[in-house]
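By written order: A, B, C and D. Residues from 1 in each chain.
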Amino acid sequence: MSLNWENSPATADYSIEELVITVLAEQFNNGEQATNGMGSFIPVAAFMLAKKTHAPDLIWLASSIGLECRPERIPASTLEAPLWRDSIMYLEQYSDFWDLVQNNWINKFCVGAGQLDQYGNANNSVIGGSDYHRPKVRLPGTAGLADLCSLNKKLYYWNLNHSPRSLVEKVDFISGAGYLDGGDARERLGLGDGPQLVVTNLAVMDFHPDSKRMRLKSVHPGSTVEEVQQATGFELLIPEEGVPNTRVPTQAQISLIRDVIDPDGMRNK
Amino acid sequence: MQEKITSLEEAIAPIRDGDVVALQIMATYAAPMTLVRELIRQKKKDLGLVVLIGGIAVDWLANAGVINRLIGAAVTMEQFGLCQQYRKAVEQGRIRVEEISESVLNARLGAGARGLPFLTTRGAIGTDLMKENSDNMKMLDDPFGGMPVMACRALVPDFALIHAHRADRYGNIQYEPGARWPDLAIMPKAAKHVVVTAEEIVDSEVLRRHPERTILPGFKVDAVVEVPNGAHPTSFFPNYGYDTQFHREWTSVSRNDEKATEFIDRYIRSPASQSEYLELIGGEERLEYLKEWEGKR
Amino acid sequence: MSLNWENSPATADYSIEELVITVLAEQFNNGEQATNGMGSFIPVAAFMLAKKTHAPDLIWLASSIGLECRPERIPASTLEAPLWRDSIMYLEQYSDFWDLVQNNWINKFCVGAGQLDQYGNANNSVIGGSDYHRPKVRLPGTAGLADLCSLNKKLYYWNLNHSPRSLVEKVDFISGAGYLDGGDARERLGLGDGPQLVVTNLAVMDFHPDSKRMRLKSVHPGSTVEEVQQATGFELLIPEEGVPNTRVPTQAQISLIRDVIDPDGMRNK
Amino acid sequence: MQEKITSLEEAIAPIRDGDVVALQIMATYAAPMTLVRELIRQKKKDLGLVVLIGGIAVDWLANAGVINRLIGAAVTMEQFGLCQQYRKAVEQGRIRVEEISESVLNARLGAGARGLPFLTTRGAIGTDLMKENSDNMKMLDDPFGGMPVMACRALVPDFALIHAHRADRYGNIQYEPGARWPDLAIMPKAAKHVVVTAEEIVDSEVLRRHPERTILPGFKVDAVVEVPNGAHPTSFFPNYGYDTQFHREWTSVSRNDEKATEFIDRYIRSPASQSEYLELIGGEERLEYLKEWEGKR
């Protein structure tokens, strides 16, 4: 906590998971309320890092249950009581949580998806097969993703396996609404906000404000624009002014992640 | 008052093949696993299972052929990975999935609990879930001129299966402070019949000390069975954590049908009682270990 | 509790309130779930008496909050914590209570009304005046009466002031649906059950199974059919076979009411 | 974190004439009475008041001309009788009543809390309440072919006023186990702004000992004021019971406009602070007496 993170120098000693965590952490700020779902070691690490550096007053709701919890470190599960240790409030789920979420008092959600498409639509349901009821691959299912995607949330996706199979032109099944067919399709259904950022093992993408197509924002050191495009199942928008490198973690961020937040290395699981 | 205490056998016997059974479970969290095993032991079949986030129980029920459809938001064992037996059964068409999101499931069960034909949400609008579930999810105009909403049809399971911290013999059910997922809050209220296992049966006077911890009145409960460690291998805070080793033992065989069935024969079909099961999974020593869960205060 | 209530002889030493309490108590039985509203000393006494005599397994929900409570005696308020002392469950109101009530797990309600009409419609809202917004008398309001009347409950009314002003041909305002215009009017709206009994200081009335008009069931000792009819603002149905006297309380019932249930005499307030 | 502690004056100042203000209160039970008095002291007017079951607070606000409309299910002081000042104001057309039943109010506030345009009930069907409130209550067909329901339009109060057992300085609000009426559960979630008085302000660490008792997160609360005995003369269990003597003193004058106004001058307009008010109503001796409420355990 007393680390001088603000003036800490950049480091080359980081893993891809750690880079993704630092990029995500920067998206969450003081005065905001954010939550994560299950199987979410990366978002949990990002929230914890944000709170220990630039955003001590970020309000983190752990896994929709534990408000302002203080786990000693990331535990072995993000859907179990050790995570929401020392919470200031347990949100009763059926009314408290879904009231506050639907009414947008909780407004940022960081989550993963089996497939994402060029308009930020997410698929955690089924891939391939003859029809919905005979899929090639049955994924876990939408859980709360379908809800949070339609309930005016700002959505932050992470993906540690950037490939033409996970970033596809069109998802096989929309389990979470992104910008649908792009343009104002989302707005026309009365759905606010939507996907903001996609952080992968290769690059960071956002969405064009008008077309809502996915746009390359930065490439991680060691990757090139061409490599990222090749690893993507659709044509990424490339800003004319060029694509910068993703800012690398600082020494202080890495120390916090390794020594304080996640000494057990759950981020690598 | 009507006595509700019975045996595992008698508690589960009234469930008929084809019934819709709602199960308390959140990945690795707080499921009535002894009741799940009893479903398998009694060779129930063609059940429709309702879960919010199903875990190992769904995998077992899939392997044993107990369920042929699932209504739920997700099925996963979180850090232990996908439920492979379930996944295969779906891919092969042996289990039909009616996938709905959490707010839709809450609305469907909430309507069932309240005796209303439907409740509404703004979640899941624009998704393909709506297309695949058009019988149960319909867009509805606001009669006051505001935004349209999605109406979610009432779901009334035949049975709800629940595990709790304590109960009295009249079926009043208590749960300790902590996370209360919607499956616990709403499934038993929506279901026609409720079967509960409890870590302990206590005198009603014990419940009266903390009436705010009682989550179900006796008149809403059909059967209560005292089953210490009745949520193993899922967690049951603050009593015990989930069993990592046991989950891993399952996932090490769950991709292989034959080995998976052997596992279920060994741990579910063979032991004649809960105590035999607990001996098999490591007995008193293992149970003591699970009490010292990570981060316990 | 150990009083030999079953073989206790009738007594002439009773008040009208006590008679009303004993008549109501008989309506509530083992295996049923019943509740009361606020300002309900008479129903509370009736539930407590029933539980201490013929119906120890009646499930009484005190004022929609306290399940199976055990107040030492009737306290000074029926909407305050002393009433729901020793409850086995507090029903959280927003979801638990209204779920169980709407789904008819709680199925009997004992309540008073400012006006009742010949079809058992109840008024606790406004009397007289030029219109609804300029009433001659503003009553407290419907509270939960409008809900419970429409939610398939069996309704038991009490009235300690039987008069043409309180038992009227048509209520000025329907704050609680009875049989509406009679016949199958209630059923056509999909509303089940409805008013069962009206117990006043003069008589006991029920409702004709077909016409749903109020019908004299018994007159209290000391009253006559004619007196009851004169005190009623509409024509009561009088069974051809004659109208018996209301059964008077037993000594055991009176002792329980006076010495155990309501030693402070809240029933007379 | 944003600090939410402020003074009574500053907490109430943002309420503008004409606003809709939701008030926690159930006849004689648990109302933020110090905030009610502050509304009168600040000479607010033309407020719309939302109550489930209004008590003495409504009578006072009616006498002082603070409210000109009321949305609620009932107004009564239960064993202390009708609110005569309120009643007269309604009969004279100074307060317009939008009377709705409890399940309708719950649905209206519940929709407001959830950001939905409406919620539904099967209560109040067939009553005249529907005729008088056709703008906010409409019958709606079930899109799945079942029974029609009544849609109740979302109600979003500008402010909710709440009294609680404790709070921290960031606005996290706790309430002790006991009866939790719907006004507490749903009004503050539905309202745009929430003002809370608490018996005590405590360190956040105190709240963390019982996270299940926290009913509102700090980010949903605008202002918190520490006001011991802030519910007097209503009850606030387990801390203290309602003040019978004080309620009787009010009802002995409440049919007489002049005497009623004198009462309000004396007890509300004159005392410069909560402690002066508490001295007026009998000081420490009276407060100690009220702690020993009937049936206390």
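Everything below uses one rule, namely that contacts are C-beta pairs under 8 Å (C-beta built on N, C-alpha and C of every residue); 3 or more make two chains touch, one makes a residue touch a chain.
Quick caveat, the model's predicted, so the values are computed rather than measured.
*Asks:* Have a look at C-D versus B-C and report the one with more C-beta pairs in contact.
*Replies:* Counting C-beta pairs in contact for B-C and C-D gives the edge to C-D.
*Asks:* Roughly how far is chain A from chain D, centre to centre by C-alpha average, rounded to an integer in Å?
*Replies:* 41
*Asks:* For chain C and chain D, let me know how many angstrom lie between their CA-based centres, rounded off.
*Replies:* Each chain reduced to its C-alpha mean, chain C and chain D end up 29 Å apart.
*Asks:* Between chain A and chain C, what's the gap in Å when you average each chain's C-alpha atoms?
*Replies:* 58
*Asks:* Could you list which residues of chain B touch at least two other chains?
*Replies:* 110, 115-116, 121-122, 147, 177-178, 185, 211-212
*Asks:* Check each residue of chain C and list the ones that touch at least two other chains.
*Replies:* Where chain C meets two or more other chains at a single residue, that happens at 66, 90, 94-95, 98, 102.
*Asks:* Using the definition of touching given at the top, classify the network of chains in this structure as line, ring, star, complete or other.
*Replies:* Complete.
*Asks:* Can you check the complex and tell me which residues of chain C touch chain D?
*Replies:* Listed in rising order, the residues of chain C that touch chain D are 38-39, 65-66, 71-72, 75-82, 84-85, 90, 92-94, 98, 102, 124-125, 129, 132-151, 173-177, 180, 186, 189-191, 269.
*Asks:* Considering the complex alone, what residue numbers of chain D touch chain A?
*Replies:* By the definition above, chain D touches chain A via 1-2, 113-116, 168, 172, 185, 189, 204, 207-208, 211-212, 214, 217-220.
*Asks:* Mind pulling up the chain A residues that touch chain D in the complex?
*Replies:* That would be residues 31, 33, 57, 59, 66-67, 86-91, 95-96, 98-100, 102-105 of chain A.
*Asks:* Considering the complex alone, what residue numbers of chain C touch chain A?
*Replies:* Residues of chain C touching chain A: 94-95.
*Asks:* Using the touch rule from the top, collect the residues of chain B that touch chain D in their complex.
*Replies:* Going by the criterion above, the answer is residues 115-122, 136, 138, 140, 142-144, 146-147, 149, 151, 153-154, 177-178, 210-212.
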